[in-house]
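The first chain written gets the first letter, and so on, giving A, B, C and D; residue counts start at 1 in each chain.
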């Protein structure tokens, strides 16, 4: 029995000595002591020494959450020759000292938690984990900068990677950007080489215009169904000449890549540098699909790549690890009607602004008003549109990137058009990042951007211009700015597809539909579900450098699994008592993994040899949820490490 | 009669059913408010003062009689604060005191005489807002 | 057959805003909407009591709502202020247990009232019972070529989570109505900004300021007249227009289009 | 009416699934959100591991309330475990109610790993309710009392 102080974290509200002394009176306890930091090297050495010196058959560590250091102490026990599953943790930090202030109350509870752990340990038996193989291939879901970076890093280490991207090209949101902060280099210039690298890498396979339909299995052995949507083009034959696009008469579809600011054809590639450079037929727009007539593209295609009969194809593949890199969408500001987005054509979003400033954009890089095509004289930027709001009014978090990209936009406008007045309405300017505040100061000092502290209440159309009605909180006054263009810095929002994907992966999601990390500080790129890793904005708002850093980190964690030949499984799995099993197959029905099968077995029932139909567990597949144990009407099924008797003992100890 | 400011602050929060601590001082209410510039204590500062417990100062404020109860601030606040409800609660603290009615029945005949077109609705609503 | 509406006119509609009431009733008759006025109604109070401890000021609304329940009718309102008060008090009674208990304790209804009545504004009735497409067919004198700005003001729209009337920032129901009677609706930014309301009695200069903004906003977008559902809005706007953009009740235009205006 | 014992300390057994609620309780801890010390947490892999017998045993041994916490529906780490829990506990709780263990003494809650604040709130509410109700007199095994 070992009690940790955790400095003053535990010792502050729990009287360590009382816990140690109380533990000595518990059945089976032969040795009890305490230490300031049990998880430190000294503490672990003490654990090993105690086991050896007192020939302990099990240890209870009263310390922080088992989610934190259970593995640490199991390893220490194993080093001393004890079965690592003869270790129990009493969580007297997160569940006790940190949530109670009164020392007497805290101590009393710590004693009870310690007792419950001892009661459980007394019923523990040594457990031996099974092993399972690792499929040496990774799946990256999402082909933006995050997914591309993760895939390149894994592929460069010598493992196969597949990227599944739902749109017809990889590149993601970054491909839509004009310039990037804080260096102002052009997004395409730094992204497109990476896109090409990914496409040409012999270890990377791209599945664009594809989605993940189904995921099953577990770490090391996932099997995934990928739906490759019908492009209506035979990618192998297509030479990317573009004649089909040229001839297509249906030109009224909104270009997704240009945020609807320009039109595209029914057969299209999203943008010139798209990877792969293979067009897609938009069946909702194509005249052949709508009316049965046309087929011009088919006629002009020399390699005969057009195939109107093409169907969605399901590809089944197996993977050792899966990396989510689903990215984000900017929130639609339409619900904030006071800004008039959707009603007033000169009110646009930041991403639309990127397209308007881009040389390859709908205006060829000329910043023009949407209403009349004239050059604006005054532009207003509004920050925090949909961010930092109550949950029913928007997103409760800070979207993190808007302050910086708004400063970038303001700077780019003033750089290109020094005669345009630029104002920015802000609540706070948040610039934590290398060279970030310097960047923002440049916008103010060098480029003369007018920053106004206060939010905007309404945008009204007045005599052909936009009257922006805001607050200037420093002056404590209402302020009216006449503008020709208003740019809304809209919140970062998780992709709508993120939550259904999270459910498929059994990865937990937070209330904002971002993927939850396993530990906010220490395991930031791992999902709590083994073998699932997180790359980029799907885990929370991030800028490009952070996304790339996290993408690399996710790759390293994934490689940690791919480089192993065998994975040590979890020994806490279900197992039937064959003598009690009555063959009803209730457990088989509830098992979410199909780990239970029934077989005829010869049973020695107290000397009678009979053949019975009994449950069998596939140890490599069982994940240890325990659904079968409670379902079993005869009490034959039990869960190792969490047996009925162990849990009952804990209940008894708590209620004593 | 409420004497201490803490008690008055609690009373205002209870009556209005709105929590000024949620305010992040973005100023959107004051940006939105039509009579914003006619107020001595503009909506965001009104909220801030309730949060700080300066209720007596607010009871002296002209803003109490300028608020139109148009709920634009309520509708647009990103934090779910209701500045208009706080104004109404402080206004009620004032007019619920004896002799503190902002408008009395005696004022009415003269007002009506001044303009024949005044609809009943105006008199009733002003009376409801300004008197107890 | 649709069920009969129980109509709540409110104080001003029987005095200064008689035409708002009369044109509405004539139009309803023409359209064949069964409707009956509440037997004994009291003034709704004209403003919604925001404080949660104001009970007495909610009672007259509660009585009207309860009577509608008793008669198994939807409560039909016309004046924006009445609609606002009825809808919000009903919402309070339905959602706030404390207010519900106190209102019932005071009122001693036979069966406690818990917000069962549906409060319907005249415009909602036109949209949902008749339908604007059908209304268009019934129009005899379409107001072709008339450029009309709908003025919503604040009471019908906000707070939107309770009023559930229309998009609070970009409402469209009145524009749909104007389309149906053949007119050309003019969209302008200030159509959902306040006219100044009851402050008119205390500070006419302030009201002039806000009304001028509304009127200018409508005028520069080409509106020839404004329509409203609220007597107070009409009073304030009329008082401060310089004669260029007069304000009418929407029911007057409806009656004109239906050919029942005398 | 019974006079409330001011010193009454309800005994609460709180089962938390390892993936969501236990992590949520950890988050309540690392965010230093207080809740009553009467709540004692037992870690289980999934809420579906809670056998009705465990609940009965707790009441038999003198618990005043039992609360089971799992992942939100649809978010179960094991895909579907919490759906079993939901059905199973609905039946159990109504049966317990029939036996005289009031419905308010048993509770099933969904607390995700990100909801530390919610965990603390739920525990505060639950213990508050038990305080109002007083000690559990039913089903307690008299042989267990000293």
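As a working rule, a contact is a pair of C-beta atoms (placed from the backbone, for glycine too) under 8 Å apart; a residue touches a chain by one contact, two chains touch by 3 or more.
Worth saying up front: this structure is predicted, and the values here are computed from it rather than measured.
Visitor: By CA centroids, point me to the most central chain in this structure.
Guide: Answer by centroid distance: A.
Visitor: For the chain pairs A-C and A-D, which is connected through the larger number of C-beta pairs in contact?
Guide: Counting C-beta pairs in contact, A-D comes out ahead.
Visitor: Distance-wise, how many Å sit between the C-alpha centres of subunit A and subunit D, to the nearest whole number?
Guide: 30
Visitor: From the C-alpha centre of subunit C to that of subunit D, how far is it in Å?
Guide: Going by mean C-alpha positions, subunit C sits 51 Å from subunit D.
Visitor: What whole-number Å value describes the gap between the mean CA coordinates of subunit B and subunit D?
Guide: 45
Visitor: Please work out the Cα centroid separation of subunit A and subunit C, and write it as a whole number of Å.
Guide: 49
Visitor: Residues touching two or more other chains, restricted to subunit A: which are they?
Guide: Expected reply: 338, 458.
Visitor: Quick one: which residues in subunit D touch 2 or more of the other chains?
Guide: none
Visitor: On subunit B, where are the residues touching two or more other chains?
Guide: Within subunit B, the residues that touch at least two other chains are 72.
Visitor: By the touch definition up top, name every chain pair that qualifies.
Guide: By the stated definition, chains touch in these pairs: A-B, A-C, A-D, B-C.
Visitor: Subunit D touches which residues of subunit A in the complex?
Guide: For this pair, the touching residues of subunit A are 65-68, 91, 93-96, 98-102, 105-106, 108-109, 112-113, 116, 502-503, 506, 508-511, 516, 528-529, 572, 590, 592-593, 623-627, 629-631, 639, 642, 644, 647-648, 650-652, 654-656.
Visitor: Which residues of subunit A touch subunit C in their complex?
Guide: Touching subunit C: residues 336-338, 340, 342-343, 458-463, 467 of subunit A.
Visitor: Sort out for me which residues of subunit B touch subunit C in the complex.
Guide: 14-17, 34-35, 38, 65-66, 68-72, 74-75, 84-85, 88-89, 92, 102-103, 111, 115, 117-126, 128-130
Visitor: Touching subunit A in the complex: which residues of subunit D?
Guide: 11, 13, 18-20, 22-23, 25-26, 28-30, 32-35, 37, 40-46, 48-54, 57-58, 61-63, 71, 74-81, 84, 88, 112-115, 120
Visitor: Which part of subunit C faces subunit B closely enough to touch in the complex?
Guide: Subunit C reaches subunit B through residues 10-12, 15-17, 43, 45-54, 57, 79, 81, 153-154, 157-160, 168-169, 193-194, 196-203, 206, 209-210, 213, 231-232, 235, 238-239.
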